[in-house]
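Following this line, the structures themselves.
Okay, so subunit A shows up in both of these, paired with subunit B first and subunit C after.
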Partner chain A sequence: MDINWLVISPPLVLLITASVGVLMGLSFRSTRPVALLSLLGVLVALVLNAQLFGRSEPLSAFGLRYQADTSALAFNTLILLGTALVLLVSFDALERGLGGSEYYPLMLLSATGGMVMAAAGDFITLLLGLEILSLAVYVLSAWRPNARESEEAGMKYFLLGAFASAFLIYGIALMYGATGHFTYARVVEQLQAQAFTQTALATLAGAFILGGLAFKAAFAPFHQWSPDVYTGAPTPVTAFMSVVVKAAAFAALLRVFALVYPNLNGALTQALVVLVALTLIIGNLAALTQRSVKRLLAYSAVAHAGYLGLALLAADTDGGARAVIWYLTAYTFMNVGAFAVLSLLTDRNDRGDDVERFAGLGKTRPYLAFAMTLFLLSLAGIPPLAGFIGKIFVFQAALQAGYTVLAIIAILTSVVAAFYYVRLISVIYFREPEYAEVGSKSAMTGVAIAVAALATVALGVVPGWWYGLLGVGRQLLAGF
Partner chain B sequence: MLSFILLATVMTVGALGVVTLRQPVHAALSLVGTLLTLAITYVTLQAHFLAAVQVIVYAGAITVLFLFVIMLLNAQGDERAHRLGWVKPAAYVTGVVVAVGLMFTIFASPTTLPDAATISAALQGGNAGVLGEVLFSQFVLAFQLVGVLLLTGIVGAVSLVERRAAQEDREQELPATTQRERELTRA
Partner chain C sequence: MLSGLVPTEYYVALSALVFVIGAVGVLTRRSAIMIFLSVELMLNAANLALIAFARQWATAGAAVALSGQAAVFIILAVAAAEVAVGLGILVAIFRYRHSADVDTLSGVRL
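And now, the complex of A and B:
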């Protein structure tokens, strides 16, 4: 068994930082030392991850069970960047009244799970990564003190998550029953073999695995949990869920869809087509009627899962896979940015996220208002921001793969989406302030917002750099 | 064969006891009986390691958990509490479907099992060493990840409980006015 320490070093650094953080948290009253340590750990992991990019030799560990191909490295970069931004947003929010220094180690553990999931080369590793990722997020969702809805969020997410995991485990077991292997390489080998007879079993397995992962990615109709959990969880945790959990889920989906599903029954691809169409329609229409900004962003996150799913359908082409990663990059920055702004407007106990909080923000806090406008416009897909370019890549990939109808649905629904984003912007600039003094100030959150805003603009203006980087080195998704 | 019939009878009686007994503690103890008999069946099949795991994990840890929950909830028999009307028919239907499915797999497509010699050769005497070797070579990453998962679970559980305890302390220390304020904001 090959243990390639260099390849597994980024998640390992996070794991070590988390362990040290747990112990360190015991000896400080403030949560800040652990926060700074966590930030340092994430940055070190980011550097270690970045230096793996573009190497000519195939990078894997544990005999193809951990694969650091370009896709995994790109997703891990996103997970780490997302985690770093959320840590910055949490820095003052936690001191303001959320408390509990175990918050940071849990977040790092969750990110570790996400990174393992993105690089998983077999179903067992995928499942364990997913469980580590989820378990920590269940706890973090219930982190707000004295808040019923936060407890509800944690409980709801936990129960439904366990249900989804059961689906996934059942699917994996059936797949093992059909092929006798866990690693994608061997499973695909078996599926392609002439003598393979268990087609029905493998198809059923594929359906269960799709169901389990669709829950994590919040595809409709598996999205029911997301509005409640997003609303109940502390705002930084909501940001974490919407970017890191989503990135990990799509990393897993991308790999499975590009490698395993082309060898399964075509009905499964059709099932994903239906899921994506439902997600696009339900997500965008439900967002129209929301009064709470967190719920609005939750439904918007569901809708964005639909656009990502559209690119996922073209996963076995290079353009489709690149589009998924590129879109997620843009989504990570603009979404964390929007949640970061929101986290500055809520109360001490992270309560209060109705649209009226944003009224008159243009006058009272012009910089914040400007940043929020930028993120919302990017989420709506207005040129020349990152969200627009992401949508272009996605639509292009979908059209090339022949999903014309679905692409038209996506374009129509994104017009609907523009309506609810722009309505919030109009509240920011054209309504009188309704709250005497809104929210709080935080330098660290300011840094996160600035980074996210710069990245949103930069990705939109110079989209080619990151897109090109995805094509460096060996192929995007490691074949075997 | 005789030993199997004996064990199977005890196991079935135990399983029926789990479903029919009114007192939760009795049902749990009946479950222990079933699980232990299953462990003995594993021994007769030469799967010693599996038998040991069965005793430690199921008869030991899981039953203790059951008893803990019964104790904590102070459950007193069947309280005929609020029940959903559709549960009972649904349970019957599920049971019948599963039974038919099992019968179908057993009788409709009978596969001849390999003989005893082949099975015990495959089990290698139920050797824990073989299992350990697979676990620590082929599945070493999964093994380590399970460790990380357990760590996450422990840190999460402890931090949630500890925070709640700390909160209750703080609430008691608070002066009356802030307590009142708190209630207002909560309302």
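And now, the complex of A and C:
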């Protein structure tokens, strides 16, 4: 058994930082020292992760159970960037009244789990990553003190999450029964063998695993938890869930879908087609009727899972896998940005996220209004912003893989989506302010918003460099 | 090698039954604690299936059989971690509401 310390160093750094952070939190009244420590840990992990890019030799640890291929490294970059931005957003929000410095170690632990999930080359590693990711987020979503809906969010997310992971675990057990292995490479070997007879069992296992992962990725009809949990959780945690948890779930789905599922019954792919169509339609239509901006962004997150799912269907082509990663990159920046703006407008305990809070923002806080407009336009997919390019890549991959009908549904629903995003923008600029003094100011959140806004524009104007970087060195998803 | 023993199919059928009982329990029970117990039942169903399969795969070599048995311990650890976190959240809710009935959680949809 090989332990390649270099390869596992990025998640290891986060783990160590989290452990130190817990102890450090005991000796400070303020949460800020732990926040800065966590930020430092994430930046070190980013550097360690970045230097693994573009190496020609295959990188793996623990046999093939942890694979740092280009896909895993790209997803880990996204997870770390998302975590860093959310840490910046949390920096003042936590001091304002959310309290408790254990918040930061929990977030780092969750990101560690996400990174393990993205690099998992084995069903058991995938499960462990998923649990490390989820358990911390269950606690974080119940973080708002004395807020009934926050504790409810934690409880709901926990019960449904445990239910979903039970399905995943049972699917893994059945897959072991069919093939005798957990490692993707060995499982695929067995599935492709001439003498393989357990096709029915393997297909059933695939269905259970798909169900478990679809819950984490919030595909309709497994999405019902997400609006409630997103609304109940503290805004920075909602931002974290919508980008980091989603990135990890799609990283795992991408690998499983590109490697294992082509060898299973085609009915499973058809099932995902139905899920994606439902996600696109339900997510976008439900977002139309929302009065709360947080809930609107929650449904918009569901809808974006649909676009990502569309690219996922083309996962066994290089373009599909790249489109998933590229779209998630764009989505990470624009979505964290939108939630960061929202976190500056709600009150100390994260209450007050209705559309009226945004009325007249263009007059009272012009910079914030401009940034929010940028993020919303990008989410809507207006050129030349990042969201537009992401959609182009996704539609291109879907059409090449032959999902024409689904691509048409996606284009139609994105027209619907533009309506609710633009309506919010019109509230920002064309309605009179209804609140005298809204929200708070925070330099750190300002930095996060600026970074997210710059990245949203930069990715849209020069989309090529990150797309090209994904093709450097080895193939995107490690073969065996 | 397995002659004279209970066939693997029987164990897997039992595990499927336990899994279904757990899933039905999650969907019909109203107490958060009972829902949680039902989830534990589902996890144990998976463990039972893993052990039964591991015995069957013993013909393919010790490493294959042991990996299944090792997975059981990992899943037990996962279940224990879930209990710790879940009961923590449950206690936090119970402290001010004095009820573990999930129907009083506004808008809970399973």
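Heads up, the rule we're going with is that the second predicted complex is superposed on the first by the 480 of 480 C-alpha atoms of A that agree within 3 Å, B and C clash if a C-alpha of one lies under 4 Å from a C-alpha of the other, contacts with A are read in each partner's own complex, and residues count from 1 in each chain.
In this section, a residue touches a chain if its C-beta (ideal position, glycine included) is under 8 Å from a C-beta of that chain, and two chains touch if they have at least 3 such contacts.
Quantities reported herein were computed from a predicted structural model and do not represent experimental measurements.
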Touching partner for A:L377 - first (subunit B), second (subunit C), both, neither: neither
Which superposed partner A:G180 touches (first subunit B, second subunit C, both, neither): second
First, second, both or neither for A:K156, with subunit B first and subunit C second: second
Which superposed partner A:R65 touches (first subunit B, second subunit C, both, neither): first
Which superposed partner A:L108 touches (first subunit B, second subunit C, both, neither): neither
Touching partner for A:L297 - first (subunit B), second (subunit C), both, neither: neither
Partner chain(s) touched by A:G100 [first = subunit B, second = subunit C, both, neither]: first
Partner chain(s) touched by A:V116 [first = subunit B, second = subunit C, both, neither]: first
Contacts of A:G129 with subunit B and subunit C, given as first, second, both or neither: first
Interface residues of subunit A shared between complexes with subunit B and subunit C: 124, 128, 131, 135, 138-139, 142
Complex contacts: residues of subunit B adjacent to subunit A: 137-142, 145-146, 148-149, 151-153, 155-160, 163, 167, 182, 185-186
Of subunit A, residues touching subunit C in the complex: 124, 127-128, 131, 135, 138-139, 142, 149, 151-152, 154-156, 158-160, 162-163, 165-167, 169-170, 172-174, 176-177, 180-182, 224, 228
Of all residues in subunit A, those that touch subunit B in their complex: 1, 3, 15, 19, 22, 61-63, 65-66, 99-100, 102-103, 105-106, 109-110, 112-113, 116, 124-125, 128-129, 131-132, 135-136, 138-139, 142, 145-146, 349, 351
In the complex with subunit A, residue positions of subunit C that touch it: 12, 15, 19, 22-23, 26, 32, 35-36, 39, 42-43, 45-47, 49-50, 52-54, 56-57, 60, 64, 67-68, 71, 74-75, 78, 81-82, 85-86, 88-90, 92-93, 102, 105-110
